[in-house]
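Letters A, B, C, D and E name the chains as they come in the text, with residue numbers starting at 1 for each one.
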Amino acid sequence: MTQQINISQIKGRVTRNKIYKGIFILAISLAMLALATLLYRILSQGLGYLSIDFLKNYPAPYIEEAGIFAGLMGSVFMMCITAPVSIILGVSTALYLEEYATQNRFTRFIQVNVQNLAGIPSIVFGLLGLTLFVYLLAMGYTLIAGALTMSLLVLPVIVVASQEAIRSVPKEIREASIAMGATKWQTIWRIVLPASIPGIITGAILALSRAIGETAPPLIIVGAAAAIYTIPDSFLSKYTVMPIQIYSWTARPQEEWQFVAAAGIIVLLAILLCMNAVAVWIRNKFQKRY
Amino acid sequence: MTAANVFSIEDFNLWYGNDQALYHINMAVPRKEITAVIGPSGCGKSTLLKTLNRMIETIPIVNTSGIIKYNDNNIFEKKQMVEELRTHVGMVFQKPNPFPKSIYENVAYGPKIHGIKKKNVLDEIVEKSLRGAAIWDEVKDRLNQNAYGLSGGQQQRICIARCLAIEPDVILMDEPTSALDPISTLKIEELIKELKKDYTIIIVTHNMQQAARISDKTAFMLNGELVEFSDTDQIFSNPKDKRTEDYITGRFG
Amino acid sequence: MTAANVFSIEDFNLWYGNDQALYHINMAVPRKEITAVIGPSGCGKSTLLKTLNRMIETIPIVNTSGIIKYNDNNIFEKKQMVEELRTHVGMVFQKPNPFPKSIYENVAYGPKIHGIKKKNVLDEIVEKSLRGAAIWDEVKDRLNQNAYGLSGGQQQRICIARCLAIEPDVILMDEPTSALDPISTLKIEELIKELKKDYTIIIVTHNMQQAARISDKTAFMLNGELVEFSDTDQIFSNPKDKRTEDYITGRFG
Amino acid sequence: ACGNAPNETENEEKETKNEANASEETSEETELSGPVSIDGSSTVLPIMEYVTYEYNQAHPEVEAVLNSSGSGGGFKKSTVGEIDFSNSSRPIKDEEKAQAEENGITLHEIEVAYDGLSVVVSQENDFVESLTVDQLKQIFLADGSATKWSDLNPDWPEEDIIIYSPGHDSGTFDYWNEVILEENPMREGENTTLSEDDNTLVTGVKSDPYAIGYFGYAYYIENENTLKALAIDNGDGNPIKPSGETIQDNSYSPLSRPLFTYVNVDSLKEKPQVYDFAKFTIENAGAAAESVGYVALPEEKYQEQLDEIKELAGK
Amino acid sequence: MVNKQSTANISVQDMIKQNKKKKNIGNGIEKFVPIFLLLCAIVSVLTTIGILFTLLRETFSFFSDVSLVDFYFGTHWSPWTDHFGGVAPLIAGTLLISFIAICVAVPIGLASAIYLSEYATERTRKVIKPILEVLAGIPTVVYGFFALTFVSPLLGNIFSEMRIFNALSAGIVVGIMIIPMIASLSEDAMSAVPHSLRDGGALGLGATRFEVAIKVVLPAALSGIIASIVLALSRAVGETMIVTIAAGATPNLTFNPTESIQTLTAFIVQGATGDTSFHSIIYKSIYAVGFTLFIFTLIMNILSQYISRRFKEDY
């Protein structure tokens, strides 16, 4: 019975480990390669059309005067509403489900419901936003209607990610806090939330990246403009967002507009990178491995 | 408020789901003394301890019957606020469980959640508590470092300091020195004896010498039952129950 | 392969980032004997132990210098497969760390990854290891239950059983009994003495009595230095270093 | 708002296409402000974007907002009075008219430009130069007889005809459906590809020598070096290729079509900025069309429409 | 010195008592918070109700015109010729795209997650993870054109039968887009597995990193991994722009990935942003299709909940 373990077997396992490591590296390289190809194409097309004026100008029918300012500001203002609304709603929902809800049918129903919402295509949220915010709540085709539609759209992603993050906080440190006479909410606020911030932020960034980069269709339905010459000055302003401007440029027959669109995409990616940088910073600042 | 006993436990039973873990416990914990709970692994020591500050309620499958009075009030009564109970009944756990925060924040946590905000007061409490846990000298220069960078023993002493910071009436300790070296253990034992002047201490330990050294009363548990509970001297010199004797003399199991 | 010493450590240093945790360690661990490592909390006992099977490498900020030979081969050499080393050098940790699997699966894990698949062989290994860890009787009826339902002491004994299952050459134990009651401790101590016949054992402990009871050699560490290393009898009866003497007699700190 | 004057003159110098009367009118009405909302066809969008942009240069105080939710989407909003202008690549439908009437809304039709639906093949296609309308029917109708090029002409290769068509939901298809398919079902299945995005159709056709497709003139002009526009014979034995002239004088028939914007008559009457914008649109639509790849209407046609709206607005 | 006195006189417990008396607000918060959180949780339920309401209203009126049996069990989808017989081709298209996407994203995403959490140094992880997350934020329009103008031609060299609009390239690119969802969220779940498990247990027993990853970490993180895959799958099913641009608009009942297809979402976009008048039955059909999609994702999610509950391991 002693030492049924022989060396050649270990060698085989170690080799297998090496092979798989190679496969894993290959996989991640493939993903990076796809990203690199995409970026290369965009950069090579768009860089030449990028300038300060491009950032400052409103949409225009002439390539040299066209700019993304309206979309840029629209997207930024929209994020200023969507991010807090969806993060507060999403994290709250996750907290309710993980910390307060008792395991009953209603809880399970909310859970299934949230996951199901994540799968509903953005265009359907557009239809909802139109019915609910634009008409029923009489907001009209305004920034707030668009932003709230977006908030609902990204909500489920934030909920699911936050739940995972909250769940992974070890129960020992929760117990420690509760044993100090901390109330449930104090424990959540001071211990659970800080410990789960990295996960929550990751989820929120993924979700908001989606909100900022994607989904021209639902916003077209809730009335984001194709061309506009003002930037929002209130919740009830008309607005446009970057993806819509970019999409309308790509639809032009003249090839050069594709390059303008690429320049727009570069701006969008730059913003995305800034958001990710903030996320990374937060994550590194707070990340603890237990 | 002036009852002789801090806790009196009356015919207490506890189940994890369908498995009964505590059987008919009757026990009165005297004020300002050190009560040790000993017994073999799995006999229910931790379970009993966690019941006293109702931490056991964080496990949803737990059911109980019987009464536990803290200062003459049944702790299971509706009007008894569990947070208040836990302010008076502090706890130190078996596995070190510092928060993923700085050493300072770990110790200041208790006072902070109870509304103490002044920086200088907090500073003082932190220092005092860390000294009390015999770790001040080791960490005083790195109070802002994360507590996770410390060794196991250091972490546990941070946890003890954290508990001392809210100056509870009763301190429950679940094998608090099992991760400590003898010197720190000695310091903690001395500290416990010191604290006895003002506080009631209930300590679970697998170390009979420790129980004998520091406690006034000792409870011996076996398979969820309280076999014997009396003065430490008596338990160790002249146990009434055969099982206690066997356990103490190591003839057991 | 027949060197008298299993490990020989030569001028070994270790840093966590910029903080040096081990200083110029020189030490030869004899084959088929029990070597105890004692010292106050934070002195580097766990660090030294984890270095011997290169588990320390899972902490990325660690840097080392010096040589550690296992059976005459430097364990840090490229061609040395770390998995092979760890198969020969098993480890039991301070905090119980069972897998979130059934008790059976926990113990069968090691043999399984090493290619043992026959059900009856596995069954046998599992039973033998659980008996060895003095927990067979408690769990034999619930081998398929999750190991997390056990108490801390029970969990630790499962972890010991898990280590025994791959029958290593050397067993590193980091305060293996610090979460156990005396009876289990005694059983484990007996087991350790039993295992000595075939295996080399290095045990970190904060319990000087334990070191005195079971070990052949004792190493005393302080602040990352190996202060003294010789026969246990001599260390406890006639220590050469003043600091060792102070520590052993409790005058220390 | 008076401070705009220097800007305008500058603008005028640069944009010689802006007729003198435009600047004359605008300087009269420097007090204009308020919103103008425009929505509808994506086909008309480039023209209206040009107009809106130029208008904004002249009247920054007026908040013109341009959306693009399709001809149908535009009418959905205009027939309930949500917007002032509704762009469309097809004439308003009867049910939409009825809807508007129900809500007490009158929409006035303005033609802004012509588009010539161009039937194209790849430059690599070296056998076909022109097709008759009947041949188009054979190709595109569900029960048409031609599935291979050789079915049309025995000299042509015996290869499947690959069809690229705008999606059924576009104004472009609507027009094609009316004049070529005559409301009969179009061929579908294996060798038919539909896309809502004209650029993707261009990509499809140019990569396959046996492909045929159709889309707006602008997309052909921009891809002249990879695509070949076919001359279309509408039955008189005289195939005509699409060009600025043939589209404008309607000799490229039946595939040249007008593009519209519909203005809400109440807005026209009550909101001076809407009236001004409508006027500006008509005055500048020709230049806009040429600049973005469509074909301007004859000058007199614009003049006629200008008179019409002046009358409607009571000026 | 003065401070010393202050604590000598007043004990911490006294301070606590004083603070308790001062503010009973704490109690209020404790009662208010769960209610607030519940209300937030209910928002998601209301959203679903809102969507159902929006969808069902038109769906009912659609089914008063079109037979339910035909709609779900027919195989011919051609709404513009009034054939609503069978949404099957759209479902097939959606399944095909999702299947291809998952085939691309799960292996690559999981492999990346394992690499990042089990092999990579802290430094590498910190650099690569955010870079991967950039992939998630690239606008889908960009992915769409990437599929059409880069991946399709590339694949065209391999498969001669390949159409320029096809399910394969769209599916692959949708897969690329959802890689970061799987990689990033799975990595989070894996690194949440306590270190003592891998160090202690597994590595200490002589297991290789690979064995630790597969036998210890993966099972322990399974519920998180499944959640990430479901999230990604949902996104693939709901993805709109990429399939609209690159997969064509041809409702084919086929599982041949080189063919052009149409997904449920692509049809909704086509119907909702296009030219149709909103009284038409086509317009209503987009709601019926939307409702179908809703049911589709619901079934999928219930299934995954079941799976994830079965595999959940507590640690």
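As a working rule, contacts are C-beta pairs under 8 Å (C-beta built on N, C-alpha and C of every residue); 3 or more make two chains touch, one makes a residue touch a chain.
Everything numeric here is computed off the predicted structure, so don't read it as measured data.
Student: Given the touch definition stated above, what is the smallest step count connecting chain C to chain D?
Tutor: 2
Student: Which neighbours does chain B have in common with chain C?
Tutor: Chains in contact with chain B as well as chain C: A, E.
Student: Which two chains have the most C-beta pairs in contact?
Tutor: Counting C-beta pairs in contact for each chain pair, the top pair is A-E.
Student: Measuring centre to centre, with centres taken as mean CA positions, what chain is farthest from chain C?
Tutor: Between chain C and every other chain, the largest centroid distance is to D.
Student: Compute the distance, rounded to whole Å, between the mean C-alpha positions of chain D and chain E.
Tutor: Measuring from centre to centre gives 39 Å for this pair.
Student: Suppose each chain is reduced to the average of its Cα coordinates; what separation in Å results between chain A and chain E?
Tutor: Going by mean C-alpha positions, chain A sits 12 Å from chain E.
Student: Quick one: chain A and chain B, Cα centre-to-centre, how many Å?
Tutor: 46
Student: List the centre-to-centre spacing of chain A and chain C in whole Å, with centres computed as mean CA coordinates.
Tutor: The answer is 47 Å.
Student: Where in chain B do residues touch two or more of the other chains?
Tutor: 84, 87-88, 95, 114, 166
Student: Touching at least two other chains at once: which residues of chain A meet that condition?
Tutor: 10, 13-14, 17, 170, 183, 220-221, 250, 290
Student: Quick check on chain E: which residues sit in contact with 2+ other chains?
Tutor: Where chain E meets two or more other chains at a single residue, that happens at 26, 194-195, 206, 208, 211, 269, 273.
Student: What are the touching chain pairs in this one?
Tutor: According to the stated criterion, the contacting chain pairs are A-B, A-C, A-D, A-E, B-C, B-E, C-E, D-E.
Student: Please name which positions on chain A make contact with chain B in the complex.
Tutor: Interface residues on chain A, with respect to chain B: 170-183, 186, 190-191, 194-195, 288, 290.
Student: Along chain C, where are the residues that touch chain E in the complex?
Tutor: Touch residues, chain C against chain E: 53, 55, 58, 60, 83-88, 90-91, 93, 95, 97-101, 106, 109-110, 113-114, 146, 148, 159, 162-163, 166.
Student: Which residues of chain C touch chain A in the complex?
Tutor: These residues of chain C touch chain A: 81, 83-84, 87, 111, 113-116, 121, 124-125, 128, 166-167, 198.
Student: Going by the contact rule at the top, pick out the chain E residues touching chain A in the complex.
Tutor: These residues of chain E touch chain A: 26, 29-30, 33-34, 36-38, 40-45, 47-48, 50-51, 53-55, 107-109, 111-112, 114-116, 119, 126, 128-143, 145-146, 150, 176, 179-181, 183-185, 188-189, 191-192, 194-195, 206, 208-211, 224, 227, 230-231, 233-235, 237-241, 264-265, 268-269, 272-273, 287, 290, 293-294, 297-298, 300-302, 304-305.
Student: For the complex, which residues does chain A have touching chain E?
Tutor: Touch residues, chain A against chain E: 10, 13-14, 16-17, 20-21, 23-28, 30-32, 34-35, 37-38, 41-42, 88-89, 92-93, 95-97, 100-101, 108-128, 131-132, 152, 155-157, 159-161, 164-165, 168, 170, 183-185, 198-199, 202-203, 205-206, 209-210, 212-217, 220-221, 242-243, 246-247, 250, 265, 268-269, 272-273, 275-277, 279-280, 284, 289-290.
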